Amino acid sequence: MIKLSQRLLGPVTLACLAATFVLGLWVTPEDRTQKNLVRLLYVHPPIAWVALYVSFGTATIASCLYLWRRTRSMTMDRIAYCAMEVSVVFIILTLITGSIWGRPTWGVWWAWDARLTSTAILGVFALAYLALRRANDDPTLRARRSAVFAILTAVNVPIIHFSVVWWKTLHQGASVLTSTGQLNVHGSMLLAMLLGFVGFTLLFFWLLRERYRLEVKRDARSIATLDEALALRRREGV
Amino acid sequence: MIAVARLVAAKDLRIEARSRVLLWQVLPFGVIALLLSGLALGPAQAGNSSAGPGLFYLVTLFVTLLMINRSQSLENAPGTRASVATLGLDPAGVFLGKALALTVELWVTGIVLLAGSVLVLHTALIGTVQALPSILVTLATLAVAGTLYGALTQGGDGPATLLPVLTLPAFAPLLIAGERSFSAALHGGALWEWWVIVLVALVAYTAVGILLYGVLEES
Amino acid sequence: MVVRLVNAVVMSRGFALLSGVDLEVERGSLTVLTGANGAGKTSLLRLLGGLDTLTSGAGHVAGVDLAQGDRRQLRRRVGWLGHEGSFYADLSVRENLVFAARALERPVHDVDAALERVGLDHRVDTITKQLSAGQRRRLGLAWLLVRRPELWLLDEPYASLDDAGREFFDHLLGDVVRAGATVVVSAHDPLRSREVVARTLRMSGGRIDAP
């Protein structure tokens, strides 16, 4: 069962994304005020959801599990690292799609909007995480430091969010639900958006899995060199 | 924990009082940065700008970066780390002690820079005095956060260059909150939101530091 | 047995600092580690002091399991003196020692006794960075005397010492061992003077050579 779902992850992801694109580009109607720009609705919110919640959430949980003694393992460290790396890609995509949407709506590529600003700050956090990993090449030290940094980042997310929101906001409100809780979009649009959410979430896990496998291979190579390193070191003597 | 914190804070402050790195290296940097800020505003704006609070905090952030590195480098002199590690000090106490010492140092620096901004950027004196409580709490939060991030960067490649990229995103909300409440004190306006931001950050960093500083020291 | 290591390996950045060390050290003994630069002497001492972690193998030091035990506990039981001289350079001689005494909740008057014992009682207020290399070494000894650890780990203590200094050092180590502490010292060559019977082990390639 697990094997089957693993094998299906890639194809299902592709199918969902393909369906989103078909629905989003051809089936769904144009918006009265936003015209074709509304089609970003099927891409931008799902990507942002993955960037800000799914990937950061995964990295944070994996980091906590690493720091907790009973679940401490390099697996958790690798998951956190790979999730953070994938999140960089999604954050950049979020900023790009947001910018494309913002340019005609706001008239500028960059506006001092609350969500845009806090997403950018979060993006710098993700890059800083990768920089921190590069600066430490001892695996244990690197794992500990990056886990602490990931947790500090998670603690910062609400602080940054509220500070920037209170600072200034001109972003539109929540996309799907109105403040009274009624649905805003209908039919094919809702379907396209839902498929988008599912598709991009699956894409995240697919990328995470592939990246994780790559990391395991890289570590395996360094374990092979452990024996070599011992032999090499012993040869120095005698 | 408290005893260790007092011991470490007293040690750091004594070293600072003796080496005078703060007085001769950090403060002059802060003062010149403040003057440069005035120059950057241009002749028309330098003396009557509403940018005073923002510039004060911007300069303070850069000064803070220097002081975090200084605070950590005390522990990293050749051999010191190993000797002190074998004292087996309670890491939570070390964290609180270093954060406390850095807070005191930042307060001294902050007050000098405030005087500087009143003098050269013509920030209103009464408003500045009214803003003082929020400024002191914001500086304490910077010190606590900085102690944590400082410990993250030590010993790796290029700690001095790594520190800004790690800390500045975390300092962004503190800069916002500090600047807004300073401006509010100068011109009037709502304040409580900014106290929430700074106090939540202070509590969060202190808690994380007490819990996790040991993980960082184990290296 | 204060130290027992079985096939201890310490890796750092893909390099094997220790490549399988077997070592037993008895309580109240003096062990000298010799060998060329880079043979692994400092790495072994760091492992014993809980300053580095075991990558593989097993070991107990001062009653603490190196693989699973509390390293902070271990660190409190050992005294470390590195070859760089190892204190807060901007504190005075006495302030450094008072810091150590307070950290370990030892009475502060131990500090004055220790300073007198190592012959630094006339330099108590000197700032540590103004001391000569030999004086710094004496300060290191005073720091250990204040700490009274179970296991003394001294990394190249004889570097930068003149003959009188060496003699003084050996004399003091002799007293310490006779008082029941265990000492492990690294040195380029075997001890010259023979205050106490020392066991000399040669290291090379990250291991202890067969006798």
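Order of writing sets the labels: A, B and C. Residues in every chain begin at 1.
Here is the rule we use: contacts are C-beta pairs under 8 Å (C-beta built on N, C-alpha and C of every residue); 3 or more make two chains touch, one makes a residue touch a chain.
Predicted model only: the values in this text are computed from it and were never measured.
A.B. asks: From the Cα centroids, identify the chain that ends up most central relative to all protein Cα atoms.
C.D. replies: B
A.B. asks: If I rank A-C and B-C by number of C-beta contact pairs, which comes first?
C.D. replies: B-C
A.B. asks: Quick one: subunit A and subunit B, Cα centre-to-centre, how many Å?
C.D. replies: Each chain's C-alpha centroid was found; their separation is 31 Å.
A.B. asks: Centre to centre, by mean C-alpha position, how many angstrom separate subunit A and subunit C?
C.D. replies: The computed centroid separation for subunit A versus subunit C comes out at 49 Å.
A.B. asks: Compute the distance, rounded to whole Å, between the mean C-alpha positions of subunit B and subunit C.
C.D. replies: 37
A.B. asks: For subunit B, which residues are shared contacts with two or more other chains?
C.D. replies: Residue numbers touching two or more other chains: 218.
A.B. asks: Out of subunit A, which residues touch more than one other chain, so two or more?
C.D. replies: 138 - these are the residues of subunit A that touch more than one other chain.
A.B. asks: Two or more other chains in contact with one residue: find those residues in subunit C.
C.D. replies: Residues of subunit C touching two or more partner chains: there are none.
A.B. asks: Please output the residues of subunit A touching subunit C within their complex, sorted ascending.
C.D. replies: Going by the criterion above, the answer is residues 137-138, 140, 222, 225-226, 229-230, 232-238.
A.B. asks: Write out the stretch or stretches of subunit C touching subunit B in their complex.
C.D. replies: Those residues of subunit C that touch subunit B are 46, 49-51, 71-73, 75-76, 78-91, 95, 99-100, 102-104, 127, 143, 147, 149.
A.B. asks: Could you pull out which subunit C residues touch subunit A in their complex?
C.D. replies: 9, 11-16, 19-20, 38-39, 53, 55, 203-207, 209
A.B. asks: Can you tell me which positions in subunit A touch subunit B when the two form their complex?
C.D. replies: 67, 121-122, 124-125, 127-128, 131-132, 134-136, 138, 141, 144-145, 147-149, 151-153, 155-156, 159-160, 162-164, 166-167
A.B. asks: Would you mind writing out the residues of subunit B in touch with subunit A in their complex?
C.D. replies: 148-149, 152-153, 155-159, 162, 165-166, 168-170, 172-173, 176-177, 180, 193-194, 196-197, 200-201, 204-205, 208, 212, 215-216, 218-219
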